[in-house]
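Chain naming follows the written order as A, B, C, D, E and F, and within any one chain the residues start at number 1.
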Amino acid sequence: MKNERFEMGTEMLNKVDGHAGENVIASLENIAPDLGKFTIEFAFGDIYSRPSLTLQEREMITIVSLLTAGGCETQLEVHINGSLNVGIPPEKIIETFLQCVPYTGFPKVLNAVNVAKKVFSTRNILLK
Amino acid sequence: MKNERFEMGTEMLNKVDGHAGENVIASLENIAPDLGKFTIEFAFGDIYSRPSLTLQEREMITIVSLLTAGGCETQLEVHINGSLNVGIPPEKIIETFLQCVPYTGFPKVLNAVNVAKKVFSTRNILLK
Amino acid sequence: MKNERFEMGTEMLNKVDGHAGENVIASLENIAPDLGKFTIEFAFGDIYSRPSLTLQEREMITIVSLLTAGGCETQLEVHINGSLNVGIPPEKIIETFLQCVPYTGFPKVLNAVNVAKKVFSTRNILLK
Amino acid sequence: MKNERFEMGTEMLNKVDGHAGENVIASLENIAPDLGKFTIEFAFGDIYSRPSLTLQEREMITIVSLLTAGGCETQLEVHINGSLNVGIPPEKIIETFLQCVPYTGFPKVLNAVNVAKKVFSTRNILLK
Amino acid sequence: MKNERFEMGTEMLNKVDGHAGENVIASLENIAPDLGKFTIEFAFGDIYSRPSLTLQEREMITIVSLLTAGGCETQLEVHINGSLNVGIPPEKIIETFLQCVPYTGFPKVLNAVNVAKKVFSTRNILLK
Amino acid sequence: MKNERFEMGTEMLNKVDGHAGENVIASLENIAPDLGKFTIEFAFGDIYSRPSLTLQEREMITIVSLLTAGGCETQLEVHINGSLNVGIPPEKIIETFLQCVPYTGFPKVLNAVNVAKKVFSTRNILLK
């Protein structure tokens, strides 16, 4: 059953993640459809749509949390794309990762930069 | 031997962490003075003083990374203070933690909010 | 605004965590009330109230996840109490922690056993 | 030298992991044979063969711990198979992962569901 | 029932951890005695007593693993004492922690140094 | 601008990681060149070149930290090679991983042994 939170979440998901987000939800359809529903309703409907932070700030927070957690390269790829979609310049994504070095050490930052490299390459982005 | 990176780092450390930062460095003096030196030279001299991100953005990244790592309540306390020192409104610090829930789960966010509660109380901050 | 999810979540929270759960929510009131609301609506209203797993199984899963994450002793205390509240025998809580040793190593299991020791002592529970 | 713990562990390993378990042990033969021996003697001989928890409960605990730890997709694959081998219905495995969302966040649960998807597909399991 | 592994493990535990190790085992007696038994038999009987690494190397590995895991300050305290007991000079313990900075970031190293500070102070150790 | 730390770090990087280290730095050139610079200046120039620990000890510490962190298989591959380059016998690398089992559990150790297996195979190393 669709509801207001689901609709708001879907709108937000599309704004942030575009087709990549849709693909994640679709990939859950035959195995854990409610996980897709909760991602939309809770993560995007309840949290992302709150005021007080811009979408750029929310994406920045998300990629830092994913980098620090480690082992979340799949989600990091979705949200580096999301960060670009909401207008964070690629240089600023890299700088965000660099700010993490003193707190996470080099390996996790290297992993995140490698994911960014792949995303930027797919989108034909050349850093200045 | 003092150098340019150390001086720039000290200036940055004072701007961000104030006395709390000085205390961390001082507490290392008789046990691991070089760890204090590297914190100043590398974390604050090399990283914090780079362009492309504001100090508010750098502190936001730092508290998200510390929340996600877990077990870093001592450093989180220093950097929630730092976040306030560079002008992030307390409401925005809490909102930053809320954005982490879908990525870290509730327990780490509850831990971070509890540290914020202590810091806000010490500074007589009342949320609107 | 109260809603169905909130009511169902509150009922579930009371069943599982009793006063300890209420205290966590109350402690968020002046700092992050929405975090309390989301805990009730999402964690307890959406997730805990689903069919397919018993409350005992849900609490078992929760304490294993908290033990493995590390640094979540506060939440572990709440949910060891919750495990007892829904009828898991204390011996089975300890056995659950023992099953984690090959997957997490000894230190995290020792930390969890120490929290259980404190909870059991408060509730005057003596293991057979 | 074979011993009672090794024999009991081998029996338990075969019951839980079947050929997948044997393959893990065999793959260690030329590089770290004692690691295979300890896995059998300690993890399966000492721990899995204890009373107080059913094999289904032990596998449930194991997959929750592996999901929460992160970066253990290889072992998660072995133990999702193990969970099915000891009779946990596939729907209940997915529900177990869903119960983790409030404690680990979405990304680790998405990773685990993706491993389950692969395992279920290999075994021609269709969820209801 | 005592056995060869238990005896060898007890001897090793005493050599490494002295009274602190005994206290950990004793503290488990009324809550999880088998966890103490497994610590002695497996960790100390099976692993610590193997050839190929000196006890100093084993303790160095242990404190690095505990520092990196995070949230294991209690065990770190036991094994910083253990490191001193087997003859690692205090300066080398601190240097071991410093080598971790590029791999774990500063916060976890600061936490470990604070535990070392407490241990050194209790043992009246002054660094050169 | 090259400096003394950069030169010392480059020398150290070459001694430890050989071509693999150079490749990591080169791979960062078009995306995050300063991350490569900091790796050389800070990790290798400031930390690796300090006295008090041998290069063999530093590499042992590094592979233990990477194993424990999890999700750092790429860096583990570089530093298992580094460990061999500075003269740690392959048997001792495996024994180092075994010492971690009681502190990290089996899965992370299995992951590390699998990386070692790949490295040893590439270098035609047969364990005794």
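In the analysis below, contacts are C-beta pairs under 8 Å (C-beta built on N, C-alpha and C of every residue); 3 or more make two chains touch, one makes a residue touch a chain.
None of these values were measured; they are calculated from a predicted model.
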If you take the chains that touch chain A and keep only those that also touch chain E, what is left? B, C, D, F
Just tell me the minimum hop count from chain B to chain E, counting one hop per pair of touching chains. 1
Per mean C-alpha coordinates, the chain lying farthest from chain B is D
When chain A touches chain C, do the two copies use mostly the same residue numbers, with over half shared, or different ones? same
Cα rotation angle, chain D onto chain F, in degrees to the nearest 5, is 120
Starting from the Cα centroid of chain A, hunt down the chain whose centroid lies farthest away. E
Length of the line joining the C-alpha centres of chain A and chain D, rounded to whole Å: 30
Averaging over Cα atoms per chain, report the distance between chain C and chain E in Å. 30
For chain A, what residues touch not just one other chain but two or more? 34, 38-39, 42-43, 47, 50, 66, 69-71, 75, 98, 101-107
Which of the residues in chain E come into contact with chain C in the complex? 24, 27-28, 30-32, 34-35, 38-39, 43, 66, 69-72, 74-75
Complex contacts: residues of chain D adjacent to chain A: 70-71, 94, 97-98, 101, 105-111, 113-114, 116-117, 120, 126-127
In their shared complex, at which residues does chain A touch chain B? 39, 42-43, 47-48, 50, 52-53, 57-58, 60-62, 64-69, 75, 91-92, 95-96, 98-104
Note: in the complex, chain C contacts chain F through residues 100-107
Quick check on the complex: what are the chain D residues that touch chain E? 34, 38, 41-42, 46-47, 50
